[in-house]
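I have a structure I would like to understand better, so I am pasting it below and will then ask my questions one at a time.
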Amino acid sequence: MQMIRVGFIALVMLALAVVPVVANAIDEPFYVSLFTRMLVLAIAASSLNLVLGYGGMVSFGHAAYLGLGSYVVGIGFYHAANDGMDWALNGWMHLALAIIIPGLAALLIGAISLRTRGVYFIMITLAFSQMLYYFFIGLERYGGDDGLSLWYLSDFGSVMDLNDDSQLYYLAYGLLLLVLFILYRLVNSRFGMVVRGAKSNERRLMAVGFPTYRYRLVAFGISGAICGVAGFLMANQSEFVSTSEMHWVHSGDLIVMVVLGGMGTLFGPVLGAVGFLMLEQYLPELMEGVCHIIGGSSCGIAGEYWKMVFGPLLILIVLFARGGIDGLLQGKVGRNV
Amino acid sequence: MSEALTIEGLVKQFGGLTATDHLSLSVTKGEVHAVIGPNGAGKTTLIGQLTGEITPDAGTVRFAGRDVTGLAVHRRSMLGLARSFQITNVLADFTARANVALAVQAHQGHSFRFWRKAATDQRLIGPAEEHLATVGLADRAGVTASSLSHGEQRQLELAMALATRPAMLLLDEPMAGMGPEDSARMVEILKRLKGDLTILLVEHDMDAVFALADRITVLVYGRAIATGSPEQIRNDPDVRAAYLGEESADA
Amino acid sequence: MNWILLIEQTLNGLQLGLLLFLLAAGLTLVFGIMDLVNLAHGSLYMVGAYFAATFTAWTGSFVLAVVLTLPATLLVGAVVEVVCLRTLYDRDHLDQVLATFGLILFFNELVRLVWGPAGLSVPLPEFLSNSLELAPGLIYPSYRLAIIIASLLAAFFLYWLVARTRIGMLIRAGASNREMVGALGVNIRFLFTIVFGLGAALAGLAGLMAAPISTVEIGMGENVLILAFVVIVIGGIGSIRGAFVSALLIGLIDTVGRAFLPDVIGGFFDDEFADAAAPALASMSIYLLMAVILAFRPEGLFSARNG
Amino acid sequence: MLKRTITLAAGAAMLATTAMAADPVKIGFVTTLSKGPAVLGRDMRDAADLAMEHIGARMGGRDVEIIYKDDEINPGIGKKVTDELVQKDRVDFVTGYIWSHVLLASYKSVIGNGPMLISANAGPSQIAGELCNEDFFSTSWQNDQTPEAMGEVLNQLGIKSIYVMAPNYAAGKNMVAGVERTYKGEILGKDFTKWPDQIDFSAELAKARAAKPGAVFVFYPGGAGVQFLKQYAQAGLKETIPLYTVFTVDAISLPVVKDLAVGSLATQMWSPDLDNAANRKFVDGFKAKYGRFPSFYAAQSYDAIMLIKAGVDAVNGDTSDKAGMRAAMKKADFGSVRGDYTYGNNNFPIQNFYLREAIKNDAGEYTVKTAKTVFTAHQDSYHSKCPMN
């Protein structure tokens, strides 16, 4: 099984590497933006995976860090466009701030949230993300809930041009590989052992002498920072920043991606993000097709009800395929894998 | 006379129930001091207060010459106070080696080390395997903890406690749930450790207690009704009445 | 300060708080007893409101609709419990969050399929459509008073059920020790189905009470769901008393914030800033409250053990 | 903008080679088809379908195909489906768009990439001003116009003071700003309520009552409008303080709230009782086919299809002749259901605004009737910021 798993993951990563080449060859540029979205969400889901999958901290508010990262780009653009502050478009600065600000926010939120346990933790992370959501809705200057259309993207000078979809794609792909490599080192380091140990049995870790709180907190901060990178990319990909990316349902989507792909595995969230967006894209068409095959009437609208299939599918995954896609590849089916 | 651990006037109440009632007790360096008592005597509550998981309502705990009453769990561990749990409490999805390595890691400075792989770090693995050997688990190092037998998990508990290089061990019923064979092996292991370490042993298995203990304190309803050598305790009429009553009646 | 207005706003806050309690009561019951995080509680609230709309249209009577809606949502809840949630009790909260998240998606589409995309309306019952003058100058809609009374009745009923009855005894025992109740010869699975059904009926009650003052539409449960969670988390999960206190607290803070914050901020800063800051602050106030309370009391105001 | 020019060139080349008479004219239609506001999307889609029926699904001698997409009221999703329509389905026009934020997010995906964009509802100030483009047309209004008309109504009626309520989000603030711009009386109080999850307005209504204004002005679209109207009536305010609204009382909310809204006044650039041939055909056709009154969302969507037809007809189906289509569309002589109107430099309509009163008609249906004309040939106030002539 291990062979199949490694092969499959390698295949997915390789396929992702050639998306722009293929899409441009067959003249279907739409796939570049669709797959860029997948890469971006794969980074966000990977960041969540660090706390959720490896650290056992069920954060129901990661959309907030995604939003903060994208607002770094949006606010930079706003001042460049309206106040003539050209330097505010500097891509390196965007990237750096999109790491620092969400990271600090996560440290702050984590510092309070990690005092709580279980459902309280789920709910307090949710509450903080809702607070940020309403905060940005009230920020009229930066568009409120209308958001900001970005007429200029993050500027990397002659290094790269994000207006070119392929270049943006490979930036996202490169950053995803980098994030995965960093996470790989991180979870296997001494630090990672403490974080994973605290998921498994926090009481024991404290008894052997670990102040687990601060390790979990740092993991939470790192996770927020990585999620901010995804936000930076998302703003440049959609050429738009908006509060709706910060809504709690979006945090739920990120959790779904992590679990769909496989929690606590390195590539699980990547598979999850790809799978999630594939379902979002093709489940409606699939349903329409099935509707036609079984000879239903008004099949044109069948696809609009795709969530009616997606919802129960999610339940089935929780009940029977707990390891997600990655777990299935390892041949693990059933409950407690 | 050097005391490793001194407890003075310790009180802990849960609602109306007094679990620890003005308890005073001292453990001398190097001795094995057993605490026995019937169910509900407050033994586990006592251990909890010693490790810092439970905050006492009154009284002091002194360890290695300093007052640790208000100190957090991990700080006491750093001072050299290690514990094993009554209910097996290991990291179920880690290997035995990784379990002990984590305990070793806890006492090698901070763990904000983000890059080097822990699983191949000889500074962790070396000591970990030593401690596994001490408790007789050398050949089980690569097995996931949840796949170990109950007795082996208890041994692993002990290895983790040892890996923190403690000055003193708090053993909360190390023989709980073990068969006679496993118990005997554990007694052997503990005998080997005796002398190097101060041990506070809470245990139901009287054979083990009398085989290991230098001194015994009998706890009833949170109070120490007697402290003394195994011989003294065996012959103490109060203890016989309160605790050993039935057994001595048979004898 | 206008005293009539202050009293009226306090009454408004009380009324909102009690409505929130109604919303949260079923959630905290299910949560506290079965340790189940049920995100689909909002969906049951929505289903309750749709039932109320349909039954009111059929029978022409709000009271009859109430009589029909409660057992109907109880039944829906029981079916959901048996089909889907039963297997989730011994799972961790993450699994429960995900599965019930899936249920939300399902219910939204199901409702759209059955009732169509257009919102429905429940007219006020005739006998409650007037306003009462509680004091000179203090006019209050009688339906709002009906919400207050219904919520208080529900609170009392829950208190009585949990504290005073044999079922309540079993529920409390089942919460702390499932095996023990099983050993007593009680069918614990059936008991849980009943409790979940009861929680669903409470959600349905909240939905039908809210229906005449709001829009019955798809997704109406998702926003109130978060509010309900804030209520039970502040109150202490599983504690009915905690939910009651925190619902009132939130209702009052939210209402008073909306009513007086713009003036207060306007007193210190210029109007433009007050226009922007006050509503944002009012929106964030309950989440701020929750963060502050959890920072100091990580298990909420009332821990379930004492509640 | 390297990407823009490249795709534009590629798009033009593609259009030139594939725009054969045999291929249908493709129109992408982005609206909300799920969640609460799906009811608005349904009205828009029904109206577009009706328009297709009325034109025999033909424009400029070619077949026409409409591809509907759901934006889930989410700008991210809206942008994604717009990308898909433009890049994958290669539509000639994109229309629909209820929400300003969805339109703003999707704007860049269409403009400059080949197709033309026709907003059938949203009219954010940015697009009327600095972001205006020759490939964009509106068949609705600029957001501020309707409340500006309302402010004028209040002046004309001699109302000395008002109390204002709107949700705390961008459109809500625009609506309030619009009224403030034209209204000359005193604004006694202003409340921006939590959006979207405020279930109870009693705190604000109590304040409004205590302020004793001459009128209350509100903007609550969709389900929130139903909720507001109910609570307004239940608080006993319906009898005491007249209510003036924008985008709150319409063919969507009226059948739901019924009598509670009767008598309330709203401004709009269209009304089902406007007396012109196109409107009669539209309203009667809509009622016959769907059994209900059309909303302004429907009217604007119907017009959007008709506007596109005018463009495609003018170039005889050669959709690569964009200049020809633009010129034809700019004339706005396709027979709008709102009567004649013209386009300003920013391609937003210069049109009349009417005061509509909610009524129960003789047939027992709830609808609106035109009370008076507030503005004639009114132009939005952002057109001067638009660099186009």
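All chains are identified by letter, namely A, B, C and D, in their written order; residue positions are counted from 1 within each chain.
Here is the rule we use: contacts are C-beta pairs under 8 Å (C-beta built on N, C-alpha and C of every residue); 3 or more make two chains touch, one makes a residue touch a chain.
Not measured: the values here are computed from a predicted model.
Listed here as common contacts of subunit B and subunit D: A. Here A-D and C-D were compared by C-beta pairs in contact; the pair with more is C-D.
Centroid to centroid, with C-alpha atoms defining each point, subunit C and subunit D lie 36 Å apart. One inter-chain figure worth recording: subunit A and subunit C are separated by 31 Å, centre to centre, where each centre is the mean of the chain's CA atoms. Rounded to a whole number, the gap between the C-alpha centres of subunit A and subunit B is 44 angstrom. Across the assembly, subunit C contributes 108-109, 112, 226, 279-280, 283 as residues in contact with two or more other chains. Of all residues in subunit A, those that touch two or more other chains are 134, 137-138, 140, 307. Pairs of chains meeting the touch criterion are A-B, A-C, A-D, C-D. Residue ranges of subunit A in contact with subunit B, taken from their complex: 185-186, 188-194, 196-197, 200-201, 203-212, 215, 218.
Note for the complex: subunit D touches subunit C at residues 33-36, 38-39, 41-42, 168, 190-194, 196-197, 199-200, 202-204, 206-207, 209-210, 223-224, 226-227, 230-231, 234-236, 252, 256-258.
On the subunit C side of its complex with subunit A, the touching residues are 31, 37, 84, 87-88, 91, 93-95, 97-99, 101-110, 112-113, 222, 226, 229-230, 233, 237, 276-277, 279-280, 283-284, 287-288, 290-291, 294-295, 298-300.
Residues 28-30, 33-34, 37, 134, 137-138, 140, 143-147, 149, 151, 161, 163-165, 238-240, 242, 244-245, 300-301, 304, 307 of subunit A touch subunit D in their complex. Those residues of subunit A that touch subunit C in the complex are listed here as 52, 58, 60, 112-113, 115-120, 122-124, 126-128, 130-131, 134-135, 137-140, 248-249, 252, 255-256, 259, 305, 307-308, 310-315, 317-319, 322.
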